[in-house]
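Some structures are shown below for you to check.
One chain, chain A, links the two complexes that follow: it is found with chain B in the first and with chain C in the second.
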Partner chain A sequence: MTSIILRTSTRYMFPPLIVFSVYLLLRGHHFPGGGFVGGLFAGSAFALYALAYSVSDARKAFRQDPRDITAGGLAIALLSGIPPLFSSHAFLTGTWWEVPLPMGGVLDVGTPLIFDVGVYFVVLGVLLTVVFALGEEE
Partner chain B sequence: MLTLLSIIFIAALLAPFVHRLCPKYTGAILVTAPIAMVIWLLKKIPEVGHGHPVTESFQWVEKLDLELAFHLDGLSLLFALLISGIGSLIVLYTQGYFKGHPQQGRFMMYIIAFMASMLGVVLADHLLLVFIFWELTSFTSYLLIGFNHNSPDARNAALQAMLVTVLGGLFLMAGIIMLAGAADTWRLSEIIQRGDVLLAHKNYLPILILVCIGAFTKSAQFPFHFWLPNAMQAPTPASAYLHSSTMVKAGVYLLARLHPALGSSEEWTLILTTIGTITFLLGAIMALGQKVLKRLLAYTTVSALGAMIMLLGVGTSYTIKAMATFILAHAFYKAALFLIAGGITHETGGETSVDKLGGLRKAMPISFACAILAGLSMGGFPPFFGFVAKETWLHALDHYPLLVGATVIGGAAYVLVGFAVGFKPFLGKMPAELHAHEIPLSMRFGPIVLGLCCLAFSFFTGSIGHNLVQPAATAIVAKELEVHLHLWAGFNKAFVISLITLMIGIGLYCSRSFLVATAGRLGVLVKFGPDAAYQFLLNGVLKFAAWHTRVLQTGILRDYIRVTVLTTVALVGAALVRAGGFQRWENLAPVSIRIALVAILMISATFATVHSKSRLRSILSMGVVGFCMAILFTFFGAPDLAMTQLVIETLTVILLVLAFHHFPPFRHGSKKRTRATDIIIAASVGITISLLVLAALHVQTPTPVSDFYLEHSYKEAHGRNVVNVILVDFRALDTLGEITVLTIAALGAYALMKLKPKKEEGGE
Partner chain C sequence: MTLLPSLPITIPLAGAVLCMLFRRNIRAQKGIALFTSFLILLTSLTIFASTKDGTIAVMNVGDWPAPFGITLAIDMLSSVMLLLVGLLAVGVSAYACFDLDEPRMKFGFFPLMLILLMGVNGAFVTGDLFNLYVWFEVLLTASFILLALGGERAQLAGSIKYVTLNLLSSALFLAGIGILYGMAGTLNLADLAHLVKDGARGDLLTMVAIMFMMAFGIKAGMFPLYFWLPASYPTPPAAVTALFSGLLTKVGAYSMIRMFTLVFDSDPEFLHGLILVGAGLTMLSGVLAATAQYEMRKILAVHIVSQIGYILMGLGLFTELALTGSIIYLAHVIIVKTNLFLVAGAVNRLKGTYDLKKLGGLYSERPGLSLLFIISAMSLAGVPPLSGFFAKITLIIAGIQIESWAIVVVALGVSLLTLYSMTKIWAYVFWKPAPEPLPDLDPMPKGQWFVFLLPMVGYTVISIAIGVFAGPVFDYASEAAAQLMNPQAYIDAVLGGV
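Right, the complex of A and B next:
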């Protein structure tokens, strides 16, 4: 299937979709969003790319083997549970640091965000593992 | 204790590497670990002998009340010394036995790991810890019996030993849990002080029976005795170690250990004495007709274990002294004979039958000397330690004429076996086709040390009795007692019985060819024995599994879905009926027009999905249903769900299109009847789930969970989006589990799609 319209629009749609998926990931803590839906969003962006061009092009655009991304995401999620162990809390207890911003104000940074990043990558990786495998010709 | 135990475990792990680095001295290097244990134990003898047990305890899992608690008293000391002492000799012996064998490192690893587990069993003070080590010994013995894994016989024997002992282990676990509940403590050292409470407890009999089944399977008591002779498939060092001096005694140890807690009741005496005596006689009689060296020894081991249980069952302080003495005597002569039998087989190129051996005295003089010592000790000839044990034993059974009778028969069988293994291969004329030479140096340590002990112990009876037997017997009966062993107790009744036993034994030995022939003729009876019952049961289980797999695992996706879905309907339906949850239709919110519109759209899209003639149209219609669902979520104020649903639905459509791309052209394949059943199944699912949702509306909790999250979400988790905070913070562990499952599912799907069998690839 080759459609000029789809290809051209995909070319312009793709970067905003990825940026939006990261935006969803980051805003998730306070507003609708989060790692799961963000990962799905990024995954559908690549799926769109694979439909418009081809799976091998999408694989090239993705650069990594999606299975590695899955494993990496799982590792990030797992590691995010470790810091609280040092302050004798249970595994995966949310731990927060307040980072003062140069412009004034304080930014809360916590392990749940890191955990959510892990979820994002796992979802993305799982999705693309399946999509790429299904879409490839035998 | 924990340190030394860990060192032995580490030695086991390192064994293969040590073997790779210096294959010639593997044994010599690794043996240092158990020798350290022996030295430490020897140093503790005076302290423990004076009634001061050594204890150690480390916190392990606090919430489960699980501690790494160890307790060294007289009984543990006796067993631990035997395990680590004989174990050291076995490790050295293995070096020679497996010389040049590529898998020697693996064998060393198993046997040392076994040694450590066994030490754990006898040293641990926490019941659960005892159980963990107990199971570890079953597991390592499985590896040892099946060491020669190319042989189907070895594999079957290993499986049999494992199944029998692990099955017993399950009973034991139940017993242990009930025991701890009844005594209100996990500590063995405390349990044995609560005998009164336990004897009066309503669960006393179940506990006793469960613990006994566990101990009897492990110690090869009737009717579970059959696995032990079969386990002779193991390489000789393992047989000598596991099946003579250590593992099989774990059951005896456990019962002896629990004697103060569970003993001194009629049930105890009845069960242990009956089973022990049956096993004692059965093993002895079956030994008479055996031809193979190791099987001769194996059946007498079964018999000896029966004797120990029998003596323990009688439970007077005399019989318990006799039992402790016999454990010591038996461990030495039996291990020595096993090692010599292994040496003979090893040096004659694999000859195992007693009747084909003879005249080895010139070729193997050292083995012969050791064999004489051990064989005579086994027969119970003076002045060997076996005689001392037999005297104490007969003396203890003074008031039990029936058991004395049993002892005479059993003892006579021991004489026969002692002669058949200790003398027969060495005397007479050497068959022409037999070539033999003396065992190498590393294999000599074991037989020499053990053989000499069989003799030397008799001359230090006072010291042995005072330092080893007395503390052990004291621990078993849990009251002060004195042990005085004598080599010569005077010309009394026991001595006369002993002499009669020896005479009968020699007579039996002379008529051995007749006995072997009779046993051959009685071989048909095996078909009705417990071994056959085991095979029958095992085959039954396998057949059931095959049938069950054939019925449930059809390999057709729709069958799997049908089973899954119908199970869900049945379970949820049953729960609903029991709760009566589908009777209340009140309190439902009014249906607004927009919701009604979306619902109508959904229903029509569903019909379109089912009726469409093209696959793509079906998929798209199904997508419509999903998108409508997302709209419904937005109506009810769940933007997170709506958003996720939207993306998921999009992706589902893409995935299905991609998947269907691989399918053959669409045809209406299903028959009318199949479609009818499918409609019924689908409708039942729909109805059940709808009812469930309606019922869920009426479930009232005193304080809704959501209040908690709403309250704490921002304060404690710094997040205003409660849904997300639950996912990544409050319930992060669940999420971690979910993404792990997701990963595994993706890998599985990938494997299914990409890794096809080779021949299929060629076909396409």
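Right, the complex of A and C next:
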């Protein structure tokens, strides 16, 4: 399918979709959002790209094999459970660090965020594995 | 220990992640899978050692206190199940390293196997009903892919039946969880048991219990919901079938034992009576279906159904001795059945077929393999002094004690028919001369052949050991059964004596 309208609009839509997916990921701790929705958003951006151009173009744009991204995401999620063990809390207990910012103020960084980043990549990887596999003609 | 109860879940996950990262390197995957399996076994041994005096290892994930967060609770039944998973993981991954074809390994057999083990372990350690559902989904998703992996025609036909019926069972399970949550406002198993004991009774509870009975019954392969099992189990390669037969239906049986001793124990006359009737019919229909089969794998697969009947019989009788029998039977059948499937796989590897009519004369060619088969087969039939004998006699004595004659007669009759099926395989595959000589497809050198047989030798030794050390095994199982019959200790351990 080649549609000039879809191609042109995809070119403009693609970067905001990716940015918005990261925004959703970061927003997730206190408001609706999080790794799952964020990953779905990023995945649908690439799915849109695959529709407008072709699956092989989308694969090229994605650069990595989606299965590697899935594995990496799982690893990140798993590792996020480990820091609380050092302060003798149970596995996966939320642990927070305060990172002072150069401009003043502090940034709260915690293991739930790391876990969510892992979820983001798992969802993205699995979604794209499926979309690419279905979209490719054999 | 704040970590130990979570290790049975996290170790296979870590192994699966590593296997996925080494996707292109099959040698590395084999190494990781074997190493992870040994770690799983080691962890389960540690857990076994720390719970064998009757303590219940409890961990609240993420430090969320008991009825609110997800609790992992390991009692004696859970820890013996974990130990069996560990033994199975080591044997089956070693066998798969040898036997599985390249394309299947490339497509991700090892990560999927480890994910499956994670799901099974998760189901055994969790103390939360919704979490149990999640683990069921994890292991089912992995098993769907393992079953269809390779994409042979028979495999896909089997997978469709398997997927459809298991989705139905998941839907029932989830609906049951929803209703139960509406009634009790909690899904922590200990908290549920606590509330049910305090009075939430009546018809709705019975209905929910029956929904759970059907959901777990489909997964365990209980009458009349077992038709997916003979259709799908004999289709994938031997390593996959061995893994499935050892674990999947047993998770269903375990969950049923857990739920119907901890939560739904208020109306044993009706509910457990129903399970007992189901158990009898399961045994009978499984063994009768097996007599009509002439394919080694199919006979073994249909026999899984009748073995499930014995496990549920103990739950149906619902006495301490009967549950003791169920636990010994679970341990026995997981080891023996897995072994039989592995031996069947080895026969197929040598001769390229499972067909009883084409095979023959293996006893004169491969006496070692034949010996491994006959020991496991006799154990399954319940010939003393092997493991099956002690499991069955415990169940039968328990039946006689409460004068439940019908089930005792059925169990004894089914035992005899099991002997018939096993002798049939023995006579056709090993004893009679081959109708036309089949060439050895895979003449391995002697050393390699021995390494290939090693997992089977291990399982055979364990099966004999369960029979020889029947005393300690019985003591352990009866303590585990006592824990199940008096769930107050479990409730106190999880809720901290609330």
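In this text, the second predicted complex is superposed on the first by the 138 of 138 C-alpha atoms of A that agree within 3 Å, B and C clash if a C-alpha of one lies under 4 Å from a C-alpha of the other, contacts with A are read in each partner's own complex, and residues count from 1 in each chain.
As a convention for this text, contacts are C-beta pairs under 8 Å (C-beta built on N, C-alpha and C of every residue); 3 or more make two chains touch, one makes a residue touch a chain.
All of these numbers come straight from a predicted model, not from anything done at the bench.
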Across chain A, the partner (chain B or chain C) reaching more residues is B
Quick one: is A:Y12 in contact with chain B, with chain C, with both, or with neither? Answer first, second, both or neither. neither
In the superposed arrangement, which partner chain does A:S88 touch: chain B (first), chain C (second), both, or neither? second
*asked:* Just to be sure I read the superposition right, which of the two partners does A:V126 touch: chain B = first, chain C = second, or both, or neither?
replied: first
Chain B versus chain C as contact partner of A:T70, first or second or both or neither:
both
Please indicate which partner A:L78 is in contact with in the superposed arrangement: first for chain B, second for chain C, both, or neither.
-> both
*Report for A:H30: first if it touches chain B alone, second if chain C alone, otherwise both or neither.*
first
Footprint intersection on chain A (chain B / chain C) at 67, 70-71, 74, 78, 81, 91-92, 94
Interface with chain B, chain A side, in the complex: residues 28-37, 40-41, 43-44, 47, 51, 67, 70-71, 73-74, 77-78, 81, 91-92, 94, 96, 108, 110, 112-113, 115-116, 118-119, 122-123, 125-127, 129-131, 133-135, 138
Within the complex, chain C is touched by chain A residues 65, 67-68, 70-72, 74-75, 78, 81, 84-85, 88-94
The residues of chain B that touch chain A in their complex are 639-640, 643-644, 647-648, 650-651, 654-655, 658-659, 661-662, 716-721, 723-725, 727-729, 732-733, 735-736, 739-740, 742-743, 745-747, 749-750, 753-754, 764
Counting only contacts in the complex, chain C reaches chain A at residues 2-3, 6, 10, 13-14, 16-17, 20-21, 23, 59-63
